Structures are given as structure tokens and as C-alpha cells.
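The same subunit A turns up in both complexes below, where it pairs with subunit B and then with subunit C.
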Partner chain A sequence: MSASPAKPNRGYGRWTPAWFLAPAVLTLFLIGIYPTLFALVTSFRRYNITRPRDGFPFVGLENYVTVLTDSTFWSSLFLTAQFYLSVLPIQIVLGLAIALLLHKPGMGMLKSLARVTLVVPLATTYAVVGLIGRLIFNREFGVANQFLDLMGIAPIDWLGTPAGAFAAIVIMDVWQWTPFCALIFLAGLSMVPGEIEEAARLETSSKLALLRYVQLPYLMPGLTSIMILRSADVLKLFDMVFVMTRGGPGSATDLISIYIQRVGFRIFDLGTASAQALLLLVITIIISRLYIRLLYREVH
Partner chain B sequence: MTFLRLDSIKKNFGDVSVIKGVTFSAAKGEFVVFVGPSGCGKSTLLRMIAGLEDVSEGQLRIDDKDVTYEEPAKREVSMVFQSYALYPHMSVFENMAFGLRMAKMPENEIRTRVAEAARILQLEPLLERKPRALSGGQRQRVAIGRSIVRHPKIFLFDEPLSNLDAELRSQMRVEIAKLHRSLGATMVYVTHDQVEAMTLADRIVVLRAGLVEQIGSPTELYDRPANTFVAGFIGSPKMNFINATVSAAGPGSLVLDHVTFVGGRLVVDTPSAGKVKVGDTVIVGLRPEHLEIGSSAPVLSLTLDFAENLGGSTQLYARGEGEPVIIVTPGRPALDAGDTVKAGISPKHIYLFDAAGIAL
Partner chain C sequence: MRVSGKLFHALGLAVVVVFTLFPFFWMVAASFKTQADILATPPVWFFTPTLQNYQEIFADSKVIGAIGNSLLIATATTALAVLLGAPAAFALARYEFRGKSDLWFWFISNRMTSPIVLALPVYLLAMQANLLDTHIVLILIYLTFNLPIVVWICTDQFKSIPADLEQAARLDGADQFTIFRKIYLPLAAPGIAVSAIFSFIFSWNELLYALVLTRRAAQTAPVVATSFMSGYELPWGKIMAAGTVIVLPVTIFALLVSRHMVRGLTMGATK
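Moving on to the complex of A and B:
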């Protein structure tokens, strides 16, 4: 037994944990906390950088009043909600269907292959998704119109009509995010203990009842995460839509983040844009809290 | 009357044959126990009766109906799993009512049935609890209750007591036995524990490597094991085996040679003496609980290795020439390691097997 516990571990002191944490905290501060605080301060100022002669005076809640009375802000927000409510049900239903197919026993090799391919859309950058979308929905040589042609339907000017453009960004978002839902649901399904599933199979032969009463409780935490992540993601969705449509034609795909970007970096009214962004943050937090309150249940 | 019938049932997983043709039938109300070492296929066989595993070959009949390819829920069997498999998000009441609700039974009938099962299993104060708030024994009772309420044709139990501690296990064993008596239901029970098999079963099916070794009542298996495997599996501690050589075979009696026997030989009266000839090997089986130390006519001369005091009885680990012999003896004989122990046995308790292990 050593009688000298006083001899310290060389190189390990009181501050060592702090040094390990410092890079992460510093980075978070630089790219997360500082900009948010800066935006908060900016949102209380008149801050148009095309008119530096006016200075950047504090104007209290003026920017917020402007935003809340701005009908374009509200219609963009409404359009974003429409977009969210269009993509989410499709993604959940398709994702669940894929997960159930992959959860079935048998065909091991093919299933592993399918699981790997699911990651591909997730690993694709939004901007690239937008570029792919422009190719798919091109009026002359896009593959979307070719499919329509095969079914004997006349070609559509997807990106040139309001309804077509909205449909196109919905389809691309569904393409990119359905696999994510599938993977989350698949993880949930594999959480159901085998014997519990078997116990249920002895009591009912309905697959739907099995899903509703036995598997669904295990899927709820995943479903909540999907809804939270997707709503946060749709509220900040910018690159894919910007590359595909730039918010047009007209304002058909002018989602809230595209509108904020325009106010901030086209009109350079950073005060108003900051107020808009902060309102968006508040909306995101409220929605997440609601989902957690209403949907989230742990199964023990 | 045959209620459950398995006819040349086989099960293959790919190229691996797990059940190699099991034929067996059970009468209504019978308590049948499948027993065997792990990997013998007993659980697979039970799961095939439940419909959770496909039957590769053969036919399965329940209540005179071919159910070989019937869906699990339509076989009207219920199963108690080793892990209890309760639905974690449902209360005890909902767990028991689930199957009945799925069968679209009227709600008041469901209440009556659950109340009855809860009364039998003393679960009444727990009906509103979730499974995670229950102890292991209580969960097991809920799992049994879930079976009872459905009034199934057959109750299946897959090692239901192996997750419980020793005391609770013997208590639940008694409860299951009582339940069988009061319900008069047909039950099939899988275990690797021969004590459970002996105490619960009307009939035991001993399985090894996918084949039936012997089927019979606990007493039959204990008194007339078909081979050394069954003889060694039924009874605790395990039967002692001594490989002796036949030195003389007369009508109705054999002289068997082995250095462990007192005087190097043992004379046994047996009607099957004609089945072996001089020079053959005969396996002599002696149950630990049948060996008496201090007998007036000892047959074994042994050296003691170790004695285990179990309170009321003592378990002696002794050695002949190389072969270990276990003796269970009442009381606490004053013996030390290295002492010579002489043990006798009543001639009717000597089991004889041929060199291949088949009972003579």
C-alpha cells in the first residue's frame, strides 16, 4: 500500500477539465451565443447598413412592431406552415412504411443494402438537393416530365408555375427527409422486445392492432423527435429552395427564411431581419415544448 | 382422448436440423413437461405449438383440428414467457384485457373475467399499476393472469420460473400446480430444471438434440429410465455410473467386475441377464439417495474426497478407482476426507444399461 496519496497525477490539476471543455464552449460561444446576443441587440436598433449616415440608434420595439404588422411576414410564415403540413404527413407515413418493411424478418443482405442507401439523401447537402431538383423538374429535359409523358400526361412547367414550384420543393424535401424518418422509426421498432411482439401475436392476428397498441408506444419518442427536428428544420429551410426557385415564381415558394434573408441581405435592413429571426426562434421553442408536452412518452 | 397431437414434427433452420421428428400426444387436462439440456429444442417445440415458429415438416393438431399452418392468434393457445413479456405501457388490468379486447368481447364480460383471474392470482390490489411497478413474482402472476382470462385450449409455459429467485420459484411452482388442478386445463411446460419437471408433470417428455429420449410419468422416468441420458437427467444429484465388465452370466443373474465393488465384483439378479455375454461392458447406475453408508452388506468401497453438510442430510463426494461417486445420506456421519467409505444398496435399486447406454 502506498502511503503517499498526496503525490498528484502529473499534468492533472484543478483546471484540467476546464481546458478540455474550453474549445467546445468557445466555439459554441463564437458561432452560437455571441451571434444570437448580437441579433438580440440589433433587433432593438435601426440597423440598415446601406444608410450608415443614419447611425444605428436604439428604437425600442419598433422593429418588432414593423414585423408583426408586416403582411408579407405573416404570409411567408403561413406558407412555411403549409409546407410543413404538406411534407410531414407524407414523410411520416412513407417513413413508417419503409421502416415496417425493413423490420420484417428475412432478406438480410438486401435489407442491409437498403439501410445504407437510406443514408444517401441525408448525406446530401441542401444546395445539391436543390441542384438535383432543378434537373429533375426542368421543363425540357427533366426526368419528372419524362415520367408524366410515359403516363400520357402533358409536360408541366414545374418551376414556372406557383403550384408546380411548391409541389417540386415538397417532393424534394420528401425525398431528402423520408429516409431519416424511416431510420428513426426502424430504431423504435427494434426497441420492442421480441417476446412482447410475440405475446401480442398470440392475442391478435391484426397487424394494424399490433402496430397501434404494441409498437406505436415505442415509436412515440422517435415521432416527437421527428416533429421537433422537422419543424425547426423547415423554419430554417433556405438553401434547397433558394437554389431551386429563389422563392418564386412570385412568392409561391417564399418560405420564411428566404424572406428573412431578403430583408437582411438584399434590403440590408438587419434590425428588422434580426427581429424576424428572433421571433422565429421563439416560435421554434414554443412548438418544441408543445410537442414534448403533448406527445413525448417514455416506455419503460 | 387426444387433445394435442404432434406428428413427426421437424424443424430446420437453414441446413441445421433442430427438431428431428417428434411424435407425441397429450390428453385434455394433462400437464406435460418438456425437459432437456439447453439446445435440445424444447423451447422451439413449444414455440411451434404456439405458432411462433413455422413447422418445417409434420402435422400439429389441437382439439382435433389441423393447426400446422394456422396463425398464432387463431390457435386459441396462450403462452407465459420467460421474460413475462407484459406490455410496459399498459396497466395490469389492460394487460390482461388486451387479448379479450382484440377478440371484441363485450366490456362487462372482460371485467368479469379479469376480476376472476385477479382473484385467483391475488392481483386485485395491483390492477391499476404498470408492470414496472411490480416485483418479478407479481409480473409473473400477471403474465399467468393474461393467459387465464382468455380461457385458452392450451396453456404454454416457456421456462416461466427461471428469472425468479429460489424461494419465489418454489412458491410459484406450487401455485402453478394448484392452478392446473383448479382449472383442469391442458398445459405444456418447458424447463431445464428437473425438479420442476418432476413436481409439476403428469407426463414428462425428455428431449435431447431434437429427439425424444423418453416419455412417461415422473415415477416411470425415475424408476425405469430408458437409457443413461434419462437416468442421469432425472433425479438430483445425478445418478452414479460405473462401467463394469461381465465375468459370468447365468440365467437370471450376472456377475459384474469392477475394482470399486467390494471384493472386485457385484452379483446382480436380473431378468435381462441373457441380453449380455461374458466380456461385455455393463453400465451400473446407482442413485446417490439409494446408497447407504454403514450397510451390513456393502457393495462399494470408496475413498471420501469431500463432505457437504446440508443440515438435515450430507452429500458425500467419494471416489472409487477413478470414478466419482456421490452419496446422499441422512444426518451428519463423522467422516473426513481420505476416509474409506463403504456403501450398500438394495438390489432393487440397481439400474443396468448396456454399453450403448440402453436400459437392460
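Moving on to the complex of A and C:
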């Protein structure tokens, strides 16, 4: 990590880093910032492309007023928060349990196998996770109801009822992202210095005490990172839910990205959708700031 | 006590393996079932496998075309991401300059931003520029999440290269561009490869942009697979075969970089 200061020499001038950075920065500017500015302009216009004859007049803050007084927008944000609060505790608890199982000495082969299989859900195409969900949670021939039947529970119309559909997308999200939490916690557990852990194991036979007093401090950065990244991911979540439920039935799974997509590309009200998207961007920027503030301190 | 502890450990690990692989297994199994076997209630676990679904999707020019599109788009965007991202990472790893932390912040917020934020304006811009349903628009827009990943992983990799090597080259009169090409790039090759694999996986898996920005000619594999999900009699076997074909290559890639998975997904905040 040597910070080599620029020296007056060939190719060591003040502008050398700029030459290396320029292509990436210009590209990101062109594909990231410029469209965002365009969205900002659009958000001040009435912009329904199914009615081009009306033109796209500037209407000031009208779209923002529409969005902020739109109860569907708020309930969609609320539902997204509810989804986040449903999946997060399950993923943290299961993820920690899996990490502890993988950290425990012994069971070499089986452990390596489990460690490797964790990568599979993470890599599975999100849209395909949705396709699998449609198959597993089918009311008639879905395997989820077969499992329920084994436990003596009556079949559920998973994707046809609001509560069932919400539960189904929670389960698929838990399946896909629990391994992410497990791997982060596992990385934290392996940071505990070996001799400290050994000494603590001799001191106490209580696993809980070990976890609470020795391992927990090493797990905290990972936990923070999980909470922040998952919140950004849930705000982004589209593919899996879109394929499984399209936001329905009714608005039972109408998460924020699904809702904005519908306003923009089904109703084609791009002015309102842009205003919604920019509000979403503001939330995301706050989350990113938090992430950097809490987790990148050592980088700078 | 010790024996039961071991048993519990083994059982727990076995449950983890089953839990992680089950949905995947169920998809692959369904891809080898006949429609009648898939629609059976209760679901059948033992059946005579058939290759008919695979024959059907590989005979479907739409599916073949979509896989070709996905390959082309993911490869091109990955190549561009490395081409643009590696030099940027070099600057971030080796120089101190004003605005560096802002630049970082910008890269990271790109990783966090919902695709819907950019999908709306890019749709309008692409429409005006007659670029809807072309490969190039997806290749470019995928850079918004690929570039940050490549920059992050490569910066980390470049930082780990000892500065002594650079000093020696400097004494020989090499300029920074030569040092970058002759010393940093070859030594960082493994890290660059990892970042390229991540970039490929993310691009291959993407749905929202592809759904919104393509109609037919540039449709990617996930879009086509989900498009089978409409109508009354769903061709389940075909859908699951397509799903398997889409997921298999990225799963193999992911297994290759499994040790780096956490770094790739967190932008290195936890190591």
C-alpha cells in the first residue's frame, strides 16, 4: 500500500493519473450521468409516449407532487421495507448458523462440498430463480405443496393469494441470498486469531459465550455490510419477482422496482416514472454513503 | 456426546447441501421430464428421463439466437469493462489525487443503483438514436455495473504488487505506461481474470435492461426463457431446459471464482 507520490519524470506528471482514468470516467459519465440528467429533465415534463400529440410540456414539480401524494407509491415502498424486514432476519440467522457449521473443525470433505454448493444459488440467473419459483410453488403440481402435505398441512394457493405470493418470493430470496450472508460471516469467523479462539475454547465450553465474547466483534463489519447491501439489493430487486408474480396478485408483491417499471413501461407515463426513479436514486445514494462511511474507512 | 456432536455437524452440513441444491436439482429434473410427468399431482420423483425438451429448445432458432446474443453481449461488455477498468484501477491503486474518494463513491453507488433508474432514460435516448433492440445499447449499459466491479477487484490486485518492481523499472527509464503494460498487467492477470468472470456472470444474468431495451433481434437468453411463461398451456419442460442451459455456464464460472465470491459481491468491503 505504498502511496507513491508523483515525481517529475517521464510519464510521472500531475496529469498522468488522468490519462489512466479518463476512458473509464468518460464512459461512465456517458452511460451513467448523462442518462440520469436526462431522467431529471424528463421528470419535470409530462411525458406519456402513448400520447405524443400532446407534446412533452414542462410541468415543473407536478410529477413529484403526483408521486409524493400517490398512495400506491408509498405502499410499494412500504412493501419493499416489509420484504427487507422479512428476509433479512432469516438470512442473518440461517447464514450465521451455516457459517458456524462451516467454521467448526472436522468433516473435511462434506464441509468443502457444502462450501462450494453455497455458490450455486448466488450465481443462478435471477430470472431463472423466478422460473424455478413458478414450478415449485404451483398450486396443483408444485413440490412445495407436496412438502406441506407430508407435514399434514393443507395445500396453499401460493402464487394466487397475496400472503402466499409474498411468502413465496421471501422463500426464493432466502434461498438465493442466505449463502451470501453465510460466506460473509464465514470470512469474519476466519479472521478470529487461532490462538485466541483456542484459548477461549479451553476457558469455556459454552458455544454461546464463545460467539458472544470472542467471535461477535469479528462478525460485526460483515453484519453491517449485509444489512446495507441487502437493502440496496431489495430496492433493486426486479427479475425474480417479475418472473414469479409480476407484482401480483393485486399488489401483494409490487416491490418498488416492479412498480416503477410498470408505470414506465406498461402505462408509459415516463415523466412520473422518472420522478419515482430519481427519488429511488436519492435513497440509494444515502445507502451508498452509509456503506462507505461505515465500511471503507481504512481505504482512505 | 462427542459422537452425537459429530453426527449433528454432519447432519447440519448435509441439510445445507440439500437446501442449496434442491431448487437447482428440481429444475434440472423437470428439464428431463415429459409434460405429463411435470403436471402429475403429487409431483413424481422417479421418472423415465427424456431428452425431448433439449431437442426442442436446440431446434428453436429463437433460443439459439438468444443464447448467441447473450454470449456476444456478455463477452463484449466484459472486454470493454477490462479495457477501460484496468487502467483506471491502476491510477486508483498507485496515485493520490484530489477527488479520489468521490470517484470511489461514484463507482460504488453505480453498483447499488437500481437498473430501473437508468432503464427509463436510456430507453428514451435509445429510441431517439434508433438504438432500441441493438446489441450495442446493452453492451454499453451493462458497463454501469461491470466497470465498478472490474475497477474494484483490479485496484485491490494492483495494490498488492510490491512497489520495488516499479522502482527498478523506473531506474531503467520506463515510463508509467510501459510499467503498467509490462509489469502490472501481467502480474495482475489472475485478478483481472476474476473480475472478467464476475463481469460476465452479471451481464449474462441481467434481465431488466434486456427486457426493456430489446424486442426481437437482440433478445438475450433470460428474456426468451421468461417469454415462454405466457399463454395457457405452459411448456414447462422446455422452460426448465432453457433455464438449465442458461444457468449451467455461469454456475461453472462461479465455481471457478468461488473463493472470490464475497469480494465480488461486496465490492471488497469484507475480505
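Simple rule for what comes next: the second predicted complex is superposed on the first by the 256 of 300 C-alpha atoms of A that agree within 3 Å, B and C clash if a C-alpha of one lies under 4 Å from a C-alpha of the other, contacts with A are read in each partner's own complex, and residues count from 1 in each chain.
Going forward, a contact is a pair of C-beta atoms (placed from the backbone, for glycine too) under 8 Å apart; a residue touches a chain by one contact, two chains touch by 3 or more.
Quantities reported herein were computed from a predicted structural model and do not represent experimental measurements.
With both structures placed on the common chain, the touch criterion links A:Val120 to subunit C but leaves subunit B unconnected. When both complexes are overlaid on chain A, the residue A:Gly95 reaches neither subunit B nor subunit C.
Once the two structures are superposed, subunit B and subunit C can be ranked by residues of subunit A touched, with C on top. When both complexes are overlaid on chain A, the residue A:Gly247 reaches neither subunit B nor subunit C. Once chain A of one complex is fitted onto chain A of the other, the partner contacts of A:Gly164 are absent, as it touches neither subunit B nor subunit C.
Once the two complexes are laid over each other on the shared chain, residue contacts for A:Ser257 go to subunit C alone; subunit B is not touched. Put simply, subunit A uses residues 299-300 to touch subunit B in one complex and subunit C in the other. If you check the complex, the residues on subunit B that touch subunit A are 50-52, 71-74, 77-79, 81-83, 85-89, 98-99, 102-103, 130, 132, 146, 150.
Of all the residues in subunit A, the ones that touch subunit B in their complex are 193, 195-196, 198-206, 209, 213-214, 217, 297, 299-300. Remark: subunit A residues 1-6, 9-12, 16-21, 23-25, 27-28, 30-32, 35-36, 38-39, 42, 49, 97-98, 101-102, 104, 106-107, 110-111, 113-132, 134-136, 140-143, 145-146, 149, 172, 175, 179-180, 183-184, 187-188, 221-222, 225, 229, 232, 235-236, 238-239, 242-243, 256-257, 260-261, 264-265, 270, 273-274, 277-278, 280-281, 284-285, 287-289, 291-292, 295-296, 299-300 touch subunit C in the complex.
Subunit C meets subunit A in the complex at residues 6, 9-10, 12-14, 16-17, 19-21, 23-24, 26-27, 30, 38-43, 80, 83-85, 87-88, 90-92, 94-97, 100-101, 103-110, 112-125, 140-141, 143-144, 147, 151, 159, 163, 166, 170, 173, 175-178, 180, 201, 204-208, 211-212, 222, 225-226, 229, 236, 239-240, 243, 246-247, 250-251, 253-255, 258, 261-262, 265-266, 269-271.
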